[in-house]
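Two complexes, one shared chain (subunit A), two partners (subunit B, subunit C).
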Partner chain A sequence: MTTFPSASVFFQVLINGVLLGCMYGIAAIGLSLIFGTMRIIFLAQGAVMILAAYCIYWMATLSPINPFFGFLLILPVFLGLGWIMYKGLFQKVAKAGANPSLLLAFGLMVLLEHLMSLIWSPTTRSVITSTSTSSLTLGSINISVTRLIVAVVALIATGLVFLFLKKTMLGKAVRAASEDMSAAALLGISPTYVSAVTFAIGIALAGVAGVAACITYPFDPFFGFLFSLKALIAVAFGGLGSVGGPLVGGVMLGVLESMSAYTFSAGWADAVAYAAFLLILILRPEGMLGRRSIEKV
Partner chain B sequence: MANHLLEVKGVNIFHGDAQAVWDVSFHVDEQKIVALVGANGAGKSTILNAISSIIRPSGGDILFSGNSTVRLKPEEVVAMGISQVPEGRRIFSCLTVLENLELGAYPANKRPYLKESMKRALSVFPVLESRMGQAAGTLSGGEQQMLAIARALMARPTLLMLDEPSLGLAPIFVSRVFDTIQALNKEGLTILLVEQNVFQAMEIADYAFVLQTGRLKMEGTTEELRGNPEFQHAFLGIMG
Partner chain C sequence: MLQEPLKRKTHLSIALALVFFFVIYPLLVDAEASYLVFLFYTAFMYVTLSQGWNIAAGYAGQVSLGQHAFFGIGCYVTAITWRAGTAGYLDPLAMLMSGAGAAVVAIVVGLPLLAKLRGDYFALGTLGLGEILRVAALNGGSFTEGAAGISIPSDVYQSIKPYYFIALLISVLTMLSLWFIAHSRIGLALVAIREDETAASANGIPILRYKILAFTLGAFVTGLCGSLNAYFVFHIDTAGAFNLNWVIMPILMVILGGVGTFVGPVLGVFSLIAAFELIRLLTPQLHPIFSGAFIILVTLFLPDGIMSYLTGHKNRLLHKLSPFKWLALNK
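Coming up: the complex of A and B.
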């Protein structure tokens, strides 16, 4: 076990954790939104992230376009992809209940993983950006520019989703449908439409998280499941149903991992995260920040 | 015939394999209060949900102003002017009172009237005005029922269906809710009221249909039914 030799090392580790956690946070918001209307843990979230990562890898390899531009590109493309996925795959199955949808999500994850390994080969790839090696220095603390950009993007994405849910009629309808789908239907809110919208946003956020992941980490086609798990843990920390919750949960997870990687070893980071996940589920099933769910019987 | 606002014709409804409603026909005339009464499990809520197109009848037809609604989606039924206040209020407790009301005007053809509808809903339930920013879940049971009715009014319905509006309310709120239903009716709103509180329902209704285990048992004006020994025995606790 290593203790922190100085405050600046502590802050360095803390900031690394916050920046890492922002990426988990974006994926977690998508997971939480999809759970709201479909009542399933969307297991393919991570695979969708990696799909976005490969799209950016392709773009960066075949064209001179800056990978950071990928954030803007992925957002509309994955919104459309999410819409098509819901209409083509989930709309019908969702009527049969949550369990078939969960199985479908699992099947989609496996399919995406194998398709990606056929198309792009199972070799580990990484995307090099203009800022890959740059960092800002604040006193004795170094901040990776790439990760800082990822954090800023995460905050912007969270802010946009928050504004959508709070300020627009459709966003309010999404929140209402997440709370009570059949009561929403009685008001003229179409369950399939709000579900498709929510799913599309969830997939778009997975896409953005994928861009964030590929400029910070090397990845392969099967790397996504780890992110699905991390997003799930972030949701467990932050609570379902709120936008800020999953982001804060992601940051908490990032900090926890970064702290335990420093004090124990890198291998322990995941073990500590999973242990904390179980502990929270046992102690506060609704998440550390979440309100108790008001499910109607 | 011309003034049947709603006409339910020979409707059969199944819950899975079990038949819940058997060949039920009834009608609601314009600007009337019609009560659908019967014991728990008589199929009253099932019929309301069929009218709202939440469930589809396997036989028969439902006509609203002469147009069949059975193939329509729930949102199309709301857009046509049929709103339901569901049993148990079903307000969105995590949303504010204001947001609950706004969502009442969600259908595209209702949205342009949002401000106007809001004014009207608040004039019916002034108590909600001071609670607009509050999460709806923090309201009392009676206030939640008012919110649920106000939310349905936001869609400017011509037919308002209320499913057990008095259930679980303190007596003072029960009479207030029934007074409101009566007042809304006086302004021209047609009401279809489902109630287990038969005594209260008969006080305000013009006409009533009695359901028993999914079948229509009796019908008549409230005076007729009050004088009917079978009805008295079954619902008003008067022994024959």
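Coming up: the complex of A and C.
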């Protein structure tokens, strides 16, 4: 065990954790939204992220477009992709139940991973950006510019989803549907339409998270599952089905990971995260920020 | 139960004929060279793993995503006792200890998880358990030998036959226990818990005790499989022992066959292995892609499992599994 030699080292580790956590947060919001309306853990989230990462990789390699532009490009493309995925695959299966949907998500993950590995080979890739090596210095603390941009994008994305859910009629319908689908349907909200919209947003957020991941980390086709797991933990930290919760949960996870990587070792950081995940599930299953709901009999 | 009331005698004779076939098959062919013998061995293992998941998830409604934890424990208990010299090659005692180790962990972890968590949260918690154990084994120092893993001397290997028969024995015993449980008070209690926990509890069923029983039994047989696997691969590392395949494949097979049915998972195991092997033979390079596509096709066109197709009545159960209660109006 290592203790922090000074306050500035502590803040450095803290800030690294917050920036890392923002990336988990974006993926987690998507997962949480999809869970809210479809009641499934969308295991393919990580694979979709890596698909976005490859899109950006090839865009940056084959054209002079700045990878940061990818955030704007990925958003509409993956919104459409999510819509198609829902209409083509999930709509029919969702009628058969949420358990087959979970399986379908798993099948999709396997298919995507191996397709990417076949087409683009399993080599590890990384995207180099103009800011890859630059960092801001605040006193004695260094902040990576790339990670800072990622964190800002995460905040903007969260803000947009939040505004959509709070201020638009469709957003209200999504919230109603995730609260109680049958009651929402009685009020004239179409379950399939709302699910398709939510699913599309979830996939788009996975795309944004993928762009964020590929400019900060090297990746390969099978890297995504780890992100699915991390996003899942972030969702459990923050509470299933909300918007702000998963982002905060992601930040909590990021901080926890970087703190335990510093004090124990990088190898144990994951174990600490999983253990915290189990503890939170047992002690506060509604998440740190979630409201306790009373189960009706 | 869910199966159509075919004559019990017919069922019994089909089962006996099948077991008889599997017993004599490796004696008739050249077992060492036969690929089919190896495939059957794999299938027996998956029958056990599938029923180990099915008893808690299908019958009692407690969906576990952490079976790879128990499989891994089985692998490591066997490898460590072998290294320490306390167990020999294909030692039944070591295998029982591996199963018992998994069962003990299932009880210790199951108590808080099953008492406090329902549905999705239980599934997520068990997934966390598997990952914690994987990371712990990775960082276990000289005890688990970290990422390099433990090697068992492989020169003791002589024939695949003992593996084949042990796997067959374990799967038959698992099937028998499941049959007796399903047709006893315990089975009724498990199904009652799955259908409505509150109502079951109100009728005096000690729900926690029965949930733990189902979960632990599943863990025990999964640990046995892990132990046999350790003796088969001779090298235990975290990537192999705690591989998510050990939880995902059985779930896939059970869903393909029919969740909460007795025969369904067996059909699921054999048809999935047959399908994957065919794909592998036809397109060696592309087979993982087709495996993914196959899963997607099954869920699109056969979401209720093979059993529902055979018995003609829809397996509504899949939708009732507590984590995945789906919209009543959307059915």
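Some observations on this one:
Please note the rule applied: the second predicted complex is superposed on the first by the 292 of 297 C-alpha atoms of A that agree within 3 Å, B and C clash if a C-alpha of one lies under 4 Å from a C-alpha of the other, contacts with A are read in each partner's own complex, and residues count from 1 in each chain.
The criterion applied here is as follows: contacts are C-beta pairs under 8 Å (C-beta built on N, C-alpha and C of every residue); 3 or more make two chains touch, one makes a residue touch a chain.
This structure is a prediction, so every number in the text was calculated from the model and none was measured.
Legend: residue contacts after superposition of the two complexes on their common chain; A:R39 is shown touching subunit C, with no touch to subunit B. The larger set of touched subunit A residues comes from C, when the choice is between subunit B and subunit C.
In the superposed model, A:L111 lies in contact with subunit C only, and not with subunit B.
Once the two complexes are overlaid on the shared chain, A:F277 sits against subunit C while remaining clear of subunit B. Of the two partner chains placed by superposition, only subunit B is touched by A:A176; subunit C is not.
Within the superposed three-chain model, A:A185 lies in touch with subunit B and with subunit C [touch as defined at top]. Across the two superposed structures, the residue set of subunit A contacted by subunit B and also by subunit C is 182, 185-186. Listed in rising order, the residues of subunit B touching subunit A in the complex are 52, 54, 73-75, 78-79, 83-84, 86, 88, 90-95, 99-100, 102-104, 106-107, 110-111, 137, 151-152, 155. Of all the residues in subunit A, the ones that touch subunit C in their complex are 39-41, 89, 92-104, 106-115, 117-118, 181-182, 185-186, 191-192, 225, 229, 232-233, 236, 240, 265, 267-268, 270-271, 274-275, 277-278, 281-282, 285, 297. Remark: subunit A residues 169, 172-173, 175-176, 179-180, 182-190, 241, 291, 294, 296 touch subunit B in the complex.
The touching residues of subunit C, when paired with subunit A in their complex, are 112-113, 116-117, 120-121, 123-125, 127-129, 131-132, 135-136, 138-139, 198, 244, 248, 251-252, 255, 259, 285-286, 288-289, 291-296, 298-300, 303-304, 318-319, 321, 323-331.
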